[in-house]
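Dumping the structure here so I can ask a few things about it.
Each chain carries a letter (A, B and C) given by its place in the written order, and its residues are counted from 1.
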Amino acid sequence: MTVYLRQVAAIVRKDLLLEVRTGERLAAMGALTVLVAVLFHFAIDQGLVRMQLLAAGLIWMTILFGGMLGMGRTFEMEREQGAIQGLLTSPVPLDGIYLAKVVSNFVLVTLIEVVALAAYWLFFGFNYGNDPLLLAGVLGVATLGFVAVTTLFSAISAQTNMGQTLLPILIFPLLVPVVIFGVTATGRIFASRPVQEVEGSLYLLAAFTVVALTAGTILFRYVVEE
Amino acid sequence: MSLARIRWMATVLGVLGVAGVLVLHWLVFFWVGTERTMGIVQRIFYVHVPSAWVTFLAFGITALCGAAYLWLRDERLDWAAQSAAEGGLIFGAIMLTSGPLWAAYAWGTPWTWEPRLTLTLLMWFVFVGYFLVRASAEDRQAGKRMAAVIGVLGALLIPLVHVSVLWFPSLHPQPVVLNVEEGPTLDADMLVTLMIGLLAFTLIFFSVFFLRYGLEHLRYQRALETRGQPRAA
Amino acid sequence: MPAAAAASRAGLPVLEAASLVRDYGPVRAVDHVSFRLAAGEFLSVFGPNGAGKTSLLRLLAGGLRPTAGEVRVSGIPLTVGDRAARARIGILSHLSFLYGRLTARENLRFYGRLHGLDDLDSRVPDRLADVGLEGYADSPVDTLSRGTVQRLAVARALLHDPGIVLLDEPYTGLDAYAGAMLQELLSALKDGGRTVVMVTHNLGRGLELADRVAIQVRGSFVFEAERADLDAVGLERSYRRAVEGRA
């Protein structure tokens, strides 16, 4: 088990080191996140709609688009110089490779969420409610589910000649539960509603995340194995 | 199953299915009584419900055969999964067009985010992805495995979306059709018509399924024959 | 290599292919290939493009499920799920499997961790020295020449002291000088008692190092010989005959 964890940690560390060195995925994701917020500013007539009421939905759509952009490259960056073959023929179990990629993508998307929250606060003065801990918990659980699905499908889209074009078509139908529960839960947190009103959505988000992670861990091998 | 047997089955099922659909339409237009509150438009129901049934049946077969393919790697399971998915896509399209036509009148709006509508729409898109992945995979074998994974995940979506849409706080209409589905409230002539519709659509689906399966079988045999010939070095 | 040594003492071949078959749908890429290799033996497999050489190598590496037959490492069947058996196999391809934005040292340390090695502080500099790259430890791989990258890839493939080394067209893209350097490094493999399988269409390079040669055409071995019974001209003739289907 400890060997397994060390192998997973090695891949996470390598991914993050590459990200720190090139910054390519993070830069693209961050830029898109801010730009989507700018576009929403001009797309919605704020004389008619109170933006705060849409806050949860806007932020979730922004996270989805920004996160997907970077995660689509999860395995494409491994294919250059055949490094993916080096990984697949190493003693690391295949589910370990999947979990490592989930962890490094989770870190990236979490950073994007901070950018998104900051951008919306700056541009629209959104009020994020009075329970930052609960907000972090909801965002964390939902992000893990989002990342679990998207990581599996980025391994699929990387093996097609449509590449990242295919990714949203594959993941959006499956991510509808994340959007439903995520928006409901964060919307209520933003409105500073009592915890009891958030709990139900949080549990269902957790259920989705558990199912997605389990399915990804089991099915990943069939996606990459020969 | 031999190719000749598959062809024979497809033909018999097809003839019976087409006959069934002709009978169904005669019944729908000339025989069955008009529903009191919804009127004439309710007759779409006899096409809509059978196509919905076949769609779920087809995607169920795809998920099961896909999972079995991942386990056993028998090419025939992949042919079956693919053939069923194609049928599911077609009948799903019939369901997704006939539904709104009816709902526009019955509910006053062509679309609503009722659980079953959302679920079937999403499932239909999952299976669009199923074919996009098959078609664009750089390695054909990998494409089969990846499609099987998508088929399995599509089936996993069913309970989750069902729960999720029930929980969604906004529009949550009580579908009118639910009353009709409870056996006792359905008149005998309507029930007979519906049953014939279900039977006819199922027969047509399996006819198309076997035709498609036979085509894959044929392609495979053809490829096996070319195997013996020298390849360009 | 204690395990390999023990196996050869017991009279077992280190690497054995038993009637290996691999189909891709209706296409048969590998067709009943069998061979046994003892410790220190070097097999070169030649064949035209699409002959199934790479599929054979991936079967041997445990990266591809055989449709029928099996690969045995020291007598133990290799299964796709058996990740631990990979610790005994090293793979060198014409792709380096290295990350361009990481340095030579970082790349080796990464692969070392994947193999669960814990003496990386001493092992990595040693391996860099073995391939003559001690001066490049902190150079990003992107900045190195193709030949230098391939030497680093040799260090990567041998990092975990595998008893079996699989070579997939390792000369592709190398100039004459870099090719000669690689030849030198690869000839040292045999001396270390390693069992090697190389697939290539480069007859000259393959023959130079081999103890045994095989020619694979349309999936199956159509020609096999001991190195001692063969010269370059004879191999060339057999190869042409095999490819033209008159073997």
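Heads up, the rule we're going with is that a residue touches a chain if its C-beta (ideal position, glycine included) is under 8 Å from a C-beta of that chain, and two chains touch if they have at least 3 such contacts.
Note that the structure is a prediction, hence the values are computed from the model and not measured.
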Most remote chain, CA-based centroid, reference being subunit B: C
Closest chain to the centre of mass proxy, which here is the mean CA position: A
Subunit B-subunit C separation of Cα centroids, rounded to whole Å: 49
Chain centre separation (subunit A, subunit C; CA means) in Å: 39
Subunit A and subunit B, separation of their C-alpha mean positions in angstrom: 32
Subunit B, residues touching no fewer than two other chains: 141
Subunit A residues counted as touching two or more neighbouring chains: 225-226
Overlap residues in subunit C, where contacts from two or more other chains coincide: 65
Of subunit A, residues touching subunit C in the complex: 3, 6-7, 9-11, 14, 17-18, 21-22, 80-83, 85-94, 225-226
Interfacial residue positions of subunit C with respect to subunit B in the complex: 24-28, 48-50, 65, 218, 243-245
Interfacial residue positions of subunit B with respect to subunit A in the complex: 70, 118, 122-123, 125-126, 128-129, 132-133, 136-139, 141-143, 145-146, 148-150, 152-153, 156-157, 160-161, 163-165, 167-169
Parts of subunit B lying in touch with subunit C, wherever the complex brings them together: 73, 75, 140-141, 144, 220, 223-224, 227, 230-231, 233
Residues of subunit A touching subunit B in the complex: 152, 156, 159-162, 166, 169-170, 172-174, 176-177, 180-181, 184, 200-201, 204, 207-208, 211, 215, 219, 222-223, 225-226
